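Both of the next two complexes hold chain A, though its partner changes from chain B to chain C.
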Partner chain A sequence: MSATSNSWTLRLRQAIDRHLPMDHLLPDRQPYYVGSWVYVFGVVTIAALAWVVVSGVVLAFFGPQWWHDSRVGRFFNSLHFWSVQLFFIFMVLHLWGQYFMAGWRSGRAATWMIGVVIFAVSILTAFTGYLSQQNFDAQFIAINAKDAMNSAGIGAFFNVLNFGQMYGLHIMLLPIGVTILVVLHIVMVRTRGVVKPIDPEGGMRP
Partner chain B sequence: MKSMGATQDEYYRGVRMVPYDLVKELFLALAGVGLLALLAALILSSPDVAPVTIANWAQSDPVDFVTTATNELAGASTSAAYGNPYNTAGPGQSWGPIAPQKWFGTRIPVDSGNAFVIQPLQRASSSNTDLGKGLFAWQGATADQQAKWLDAYGKALPNATVTDGKVTVADGDYGPLPVMMSNLLGVAQAGGLDGLLVINGRFYQTDYTQPLLFMGDGGYLAGLAADAHLTGSLWGMMNETGSYPGQTWLWLYTMWYQVPPFTSSTGFLGLNSSNADLGIIILMTLLTVALALVPFIPILRDIPRWIPIHRLIWRQYYAPRGSTVRP
Partner chain C sequence: MDTPATYFHWGFILISVPNLLVIAGMVVLFAIALVAPFPHGKEADDVRNK
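And now, the complex of A and B:
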């Protein structure tokens, strides 16, 4: 074995080249059957997430009180709010689309499973956002949600009445988690490419 | 090792490929979704109903405030009898041997009577002789005597009258309770209790556990929520003030609270309204895991083949005279 082949850098580059060459990461051609609007739900979900992050960064920069007292702040909160609504609408459409396309076939089960995890973590992220609003909705949701969290023992570590904890999770840890998972999901999609149409005689196994 | 690139090439072998601009599609999506969100933000804005303060509560419904504070002292409020993670006064929810509320112990200790009533009064008593005497009498009394005073005062409160924001009950043997509650109400109405419960001996503070628990014990905030159609029987947490959509993605979670066995006192297999929160969390966890494992669950993974929605999605592929090459 040569000295060069012991290079971790070279090995990493070769592994990336093998698993995800650039023409698969950014292909300029797709199978002819990739012509349905259903394929658009994935990319518009990513676009909505981008607007969620951009509006969220502005809100985080000026702090949690800002948007209650500033018209500009209220606008960015509204942009954040509606981007989140669109994100969930598109994500659910994407999920149903992939279900009816049986998108997990031919080695794509992990892609599907990561997608479900993104859905679950997104719900948690939105939930902490609702708890971080510092308004009546946040109070009511916190008081009611605590019982569910406490009943499952989660409340002992995830205190929905603790604004600081919810805000920190909402603007930092959970968005980073969602973003990393989405990047992983996209890489997995691009690594294997889009799934073929369902063969009436074929299997539905992953 | 076979490369993934080669695998994809093999997978598509024989399939006609056509030009497709992913980057252009992404930029168009960013513009389109951004425009939609922008228009919605400009036209529809977003909800922001001001939070309720303890001062609002004490000013708007002083009898409810005093009744709640009395219940805190008597150990009869929701938070005083809650159990873990706040205290050990209640058993918490369980389902057979599954009792996670108990397992993790009292990690967020809250002594409601002391935290919400006695300690704020002690701080307020430094320049108030009557209150100081009242607190001294309260703390010097036996538990039996305290319980008698609380019982008598609690029975008198439903008939209390309010004059200029002060609560008055019929004459009776309530010990120092009228003085204590009158002072607590005064501190709360002036906004002092909002600060005292949050600061809790510190300067910087972001934890609202105590004031939220206290307000949750009362009926004022719950009444406002009911007026705003936010309460549990109307799908609870997915609702939002005004006509905004709220957390619609929680529809399945909140739906379970509307149906048996979670609405029933007798229930099914030990699941009922008394442990509905735990039962529904377990159920939703199982459903989420099942969703993730759909690719491995026969029948669930076969439904897409039986319901021919895929024929609409890939209409071109399944057309009788569609493209020539099939995989």
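And now, the complex of A and C:
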């Protein structure tokens, strides 16, 4: 089949080969400036997200009764909570690192903006998680948050007092959104490579 | 565990001590990441012009 084929699978494959060759997607060597702990923050964030998802799947399978009443359930509840703490801590450290090295340079603006969106969606996911705990803390947060939602005009379709809605958003739509955006973020990082350090002479390296 | 957190209040800044400690820890970790030597960091020099 020729390269000018109308086959969309061929054109898609050629576009992927062109923009994201395998040596970019799974590199075995990195430029010398990547030899710094600052570049590890993003990877640790992904590792924490993996723990969040795995512990969350287990919690979703067994349900609220289990994570409150059984020892193993409480362990997984804690595992979920603390991996979320690590996820946010390292995401913010990654953000600081990228901010100070101006990670949006040389055509990486979309990568930076998707990172910003990941941050925002993650906050919403964590918020619905606090509302899904099925304890007095969740009730306290919901009762107080409803006024903020109503004053913002979104209380009618984002009802923090509706456990089913918050739980559905927390375990289904929002985590899928975060995961898809993170995959997109990583693919975009791998497409262009890690941004070069800012030239100490004052100029911007390409 | 169920007692309210102590708060640090300085002018318009009001933050719980646990949150303040987490932020301080993050700043310290960030500073360490900038200066701590990275294992095998020098071995990557040969791909400087990649």
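In this text, the second predicted complex is superposed on the first by the 195 of 206 C-alpha atoms of A that agree within 3 Å, B and C clash if a C-alpha of one lies under 4 Å from a C-alpha of the other, contacts with A are read in each partner's own complex, and residues count from 1 in each chain.
Convention: a contact is a pair of C-beta atoms (placed from the backbone, for glycine too) under 8 Å apart; a residue touches a chain by one contact, two chains touch by 3 or more.
Quantities reported herein were computed from a predicted structural model and do not represent experimental measurements.
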Which of chain B and chain C A:93 touches, first, second, both or neither: second
Partner chain in contact with A:162 - chain B first, chain C second, else both or neither: first
Which superposed partner A:48 touches (first chain B, second chain C, both, neither): first
More chain A residues in contact - chain B or chain C: B
Which superposed partner A:40 touches (first chain B, second chain C, both, neither): both
Touching both chain C and chain B, counted on chain A across the two superposed complexes: 29-32, 34-36, 38, 40, 92, 97
Residue ranges of chain A in contact with chain B within the complex: 17-21, 24, 26-36, 38, 40, 43-44, 46-48, 50-51, 55, 67-68, 74-75, 77-83, 85-86, 88, 90, 92, 97, 99-102, 104-106, 108-109, 112-113, 116-117, 120, 123, 126-127, 130, 133-148, 150-157, 159, 161-165, 167, 191-193, 196-200, 204-206
Touch list for chain B against partner chain A, complex: 1, 3-5, 7-8, 11-12, 15-23, 25-26, 29-30, 32-34, 36-38, 40-42, 44-52, 82, 84-85, 92-93, 100-101, 103-105, 107-108, 206-209, 212-213, 215-216, 221, 224-225, 228, 230, 232, 236-237, 240-241, 244-245, 247-250, 275, 277-278, 280-282, 288, 291-296, 301-302, 304-305, 307, 309-310, 313-318, 323, 327
Partner chain A, residues of chain C touching it in the complex: 22, 26, 29-30, 32-34, 36, 38, 40-42, 44-45, 47-48, 50
Residue numbers on chain A that touch chain C, as the complex places them: 29-32, 34-38, 40-41, 89, 92-93, 96-97
